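Just so it is clear, A, B and C label the chains in written order, and each chain counts residues from 1 on its own.
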Amino acid sequence: MEVHSRDYRARARSIITETPEVREAVTAATQTFVEHRLEAFAECDEHALSGWAERVKSHALTHLGDYLEEAEARLVERGAHVHWAETASDVHRIFETIVNEHGVQRVVKAKSMLSEELSLNPFLEGCGVEVFETDLGEYIIQLLGEPPSHIVGPSIHKSLDDTRVIFHERLGTPRDASPERLAEAARELLREAFLTAELGVSGGNFLVAETGSIALIENEGNIRLSTSVPRIHVALVGIEKVLPRWADLSTFLQVTAKSATGQPVGTFVSIIQGPGGSSGGEPDGPEELHVVLVDNGRTRLLADPEVWEALRCVRCGACLNICPVYRQTGGHAYGYVYSGPIGAVIGPGLVGLEETLPLPFASSACGACADVCPVRIPIPHLLHVWRQRAVERGLTSDVERSALRLLTFAATRSRVFGWAGRMAAFLPEWVLRRFPLLRDWSIGRETPKVDGPSFRELWDEGIE
Amino acid sequence: MRVSLFVTCLGDRFFADAAADAVRLLRSLDVEVDFPKNQTCCGQPAWNAGHVPQARQMATHTAAVFADADYVVLPSGSCTAMLRHTYPRLLESSAVAERSYELAEFLVDVLGVTELGRGLEGRRLAYHHGCHALRELGVEEQPVRLLESAGAALVPWEMDQECCGFGGLFSVKTPEVSVAMADRKLDTLPDVETVVSADGGCLLHLDGRARRRGKPIRFQSLASALWEARDGGA
Amino acid sequence: MSRDVEESILSRDARGRILGRVREANRDREPVSHPGSLPGAAEPPGPFGVAGQADPVGAFENRFRAAGGEVVRLPDEEAARAWLEDFAGGFESVSVCIGVPDALQPVLPTAPPSEAALGVSAAVGAAAQTGSLLLSSREGRRSQLLPPVHLVWVRAQDVRTTLGEALEACRENLPATLALHSGPSKSADIGQILVTGVHGPGRIIAAILGNAL
């Protein structure tokens, strides 16, 4: 996908000032997620769960080669085709082959962030294939031509009225249609697509090595339909999605759902071992199952001595929901498929620090995300690691570097420090505002008053 | 008992009166207060922005300044967190870390203070928990209990634990988002006369935003509020 | 060379390179051991705080209802048939999965799954912890998914306390797809307002047969 992260500040500013309703919608939605998550974990020993889940994922990652081979062997035994893709263009080539071989004209897609990362929709459309996003939120933003704003709720930045407008234009529903009526209109149109598409595409929440199972979590039933009704099912699975054992799955299904939406488990979970239909000796289901194991930067992240831990991520979105920075803008400001705190950690690892540069700095370092991660990814620490690297590689601004050098010079010489403080008190505000950092401070804020005595002056005078 | 006060760079320049109140408060509790005059900045602005060598230089300076202190007490949550959690990584020594306390934390956890006085009788306050005090130091109950025991009504604020958007250089690198975060805090603020916080950065940011919006809210350092609680402010 | 063969050769090269990079990345890394079973999972209430160890069917019912599902408990086959006759009266057509015993099939005209008013299936298990019915693709998926109403038979003795136990019972003989259905299809993607029956069945009824105790 195209990465627009370098424009983070401009994008954030435009969302905040030009579309204040986005900020309201995102704040309301994420607060609801946060409340539901709290309720869901109230009855649990959250500490025990996250500690265990962290270990299992770290174990899987430090034994990833063996587990990928095990999962592949199980899937092949059950008659699935397993493909390996290093890059987005590898994935495109695999799809091109399948589309040409089977004369695919229609594709139904279950929500997959990986498919966004791989720019799959534009590629398929370029092949002349009609692509239907079937998750209701994805469908709404597909109609609007927008990328997802949130890992779990792609359309959380849109209001009921936004959906009314676009459905009115595109599906002919009444301008004041109820949510039920809108959902029904989407259901009718997409039902037709499910029944006529030759190919269903999904992602994969987990890949269980022991049984070669792909697990998918959802609420609408569109994933079940996408992976059951068309003749061919292609599952895109990031190589980091491995769980070692079948016995690990039940806990991860629950922890992910609780963290994401506060549900005990997703309304529908599909656990897929192989093709169905006559190939699988079953009454229906896809005759062909293709599993594409995707790298696309993940091995680079795995090789990182610090940030590799971020590969534990289960994409629950809890860190986005709790993040006060994310809440002001939603995901579009980040200019990258994965937004919020986790996006700012994995983005630089997957596509490079220079391409995603301001993202590790798009955080007030409040630490709230660390408390909600179900696999204990030390997100604030990893953001800081990227900040250090940005400085080491000379990617931060000259102004900032000079300012901090001056501060350090003064702060290691107490007499200079005291003198600089006194000077600041004498400078009029209009002069202070010419300093770049203070100029940015005065965007939306009055500058602090520095006209009184400093503490060290009070101390010298004597404190009564 | 003897403590060394680390007023911090913001405290020295912008909250001198509050730091003086901290001295009065500690003295009133029979604590001898020392002010090592070579102290400057803890290095947090550099650390936060990823400038590790500069942060280490400031940490080295600060650790030397407080090398002989029995206790280092700071009227700041985030600088205390810097000393406690980051200094051991920068300096390979936890000597300063182990002896550093945020003011309210020191009063409650070290001195065992449960009540300072009744100087806040009838006052309606909201308390803003600075992120680092709350999440890195685990200071949550201590300031609240001290304020309430002095008669203040701490009005529930649904966003009292959410970041105000200061975040050090974040406030100037991403000012629009930073200000929007302050607005969220201010827009959810209950009807109170004063907002109290242990963190100077948060106070400057929230106060700057409230003044720009013409909102007549008073922001007060925890140190001054606690000195008032002691009835010394009267 | 056909495209298919070409593709598979390219994929094999990619496989070697990806696995090579994975192993290289982990070469100097301290391996983390698997922590084994989730501590305390076997002892009530366990880390998920599951209530209802003594009465998994009751606990299942609570969870399933909380998610918007309907539950009917039927002590024996006779009661089940009587209830079914009454229930079937509200529908014009049915599509029945192949695992459903004749006695538990409603007397209604059959229709293809995409047209039937009611789908009927039989669960291979259930989990009280999450309020989930376990459905096998061996009995056919379309009847579980396409009709707007889904009736699922489940035997009380097959309702396990935890999801882990319910999944473990299926491990040896997994179908192509094992599915969990834990309530009606729902979405909050339109303005954060909850609507049911988006793509899958908007009504799901768990009919629990017999007594577990």
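In the analysis below, a contact is a pair of C-beta atoms (placed from the backbone, for glycine too) under 8 Å apart; a residue touches a chain by one contact, two chains touch by 3 or more.
Only a predicted model underlies this, so the values are computations on that prediction, with no experimental measurement involved.
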item: Chain whose mean Cα position lies farthest from chain C; value: B
item: Dominant chain pairing [most C-beta pairs in contact]; value: A-C
item: CA centroid of chain A to CA centroid of chain C, Å; value: 27
item: Inter-chain centre distance, chain B versus chain C - centres from mean C-alpha coordinates, in Å; value: 52
item: Mean-CA-position distance for chain B and chain A (Å); value: 34
item: Sites on chain C touched by chain A in the complex; value: 3-4, 7, 10-12, 14-15, 17-19, 21-26, 29-35, 37-41, 45, 47-49, 63, 67, 98, 114, 127, 129-132, 137-142, 144-146, 162-164, 166-168, 171, 174-193, 195, 197-201
item: Chain C contact footprint on chain A (complex, rising order); value: 25, 28-29, 32, 43-45, 48-49, 52, 55-56, 58-59, 61-65, 68-69, 78, 83-86, 90, 93-94, 97, 100-101, 134-137, 140, 153-156, 158-163, 179-180, 182-183, 186-187, 190-191, 194-195, 211, 213, 219-222, 224-225, 227-229, 239, 244-247, 249-251, 253-254, 263-276, 280, 282-285, 289, 293, 295, 299-300, 302-303, 308
item: Chain B - residues contacting chain A, complex; value: 7, 9, 11-17, 19-20, 23-24, 35, 37-41, 43, 45-46, 48-52, 54, 57-58, 60-61, 65, 131-132, 135-136, 162-163, 165-182, 184, 204-205, 207-209, 211-212
item: Of chain A, residues touching chain B in the complex; value: 8-9, 12-13, 16-17, 23, 27, 324-325, 327-329, 333, 358, 361-368, 370-371, 384, 386-391, 396, 400-401, 404-405, 407-408, 410-412, 414, 417, 421, 424-425, 437-438, 440-441, 443-450, 452-459, 463-464
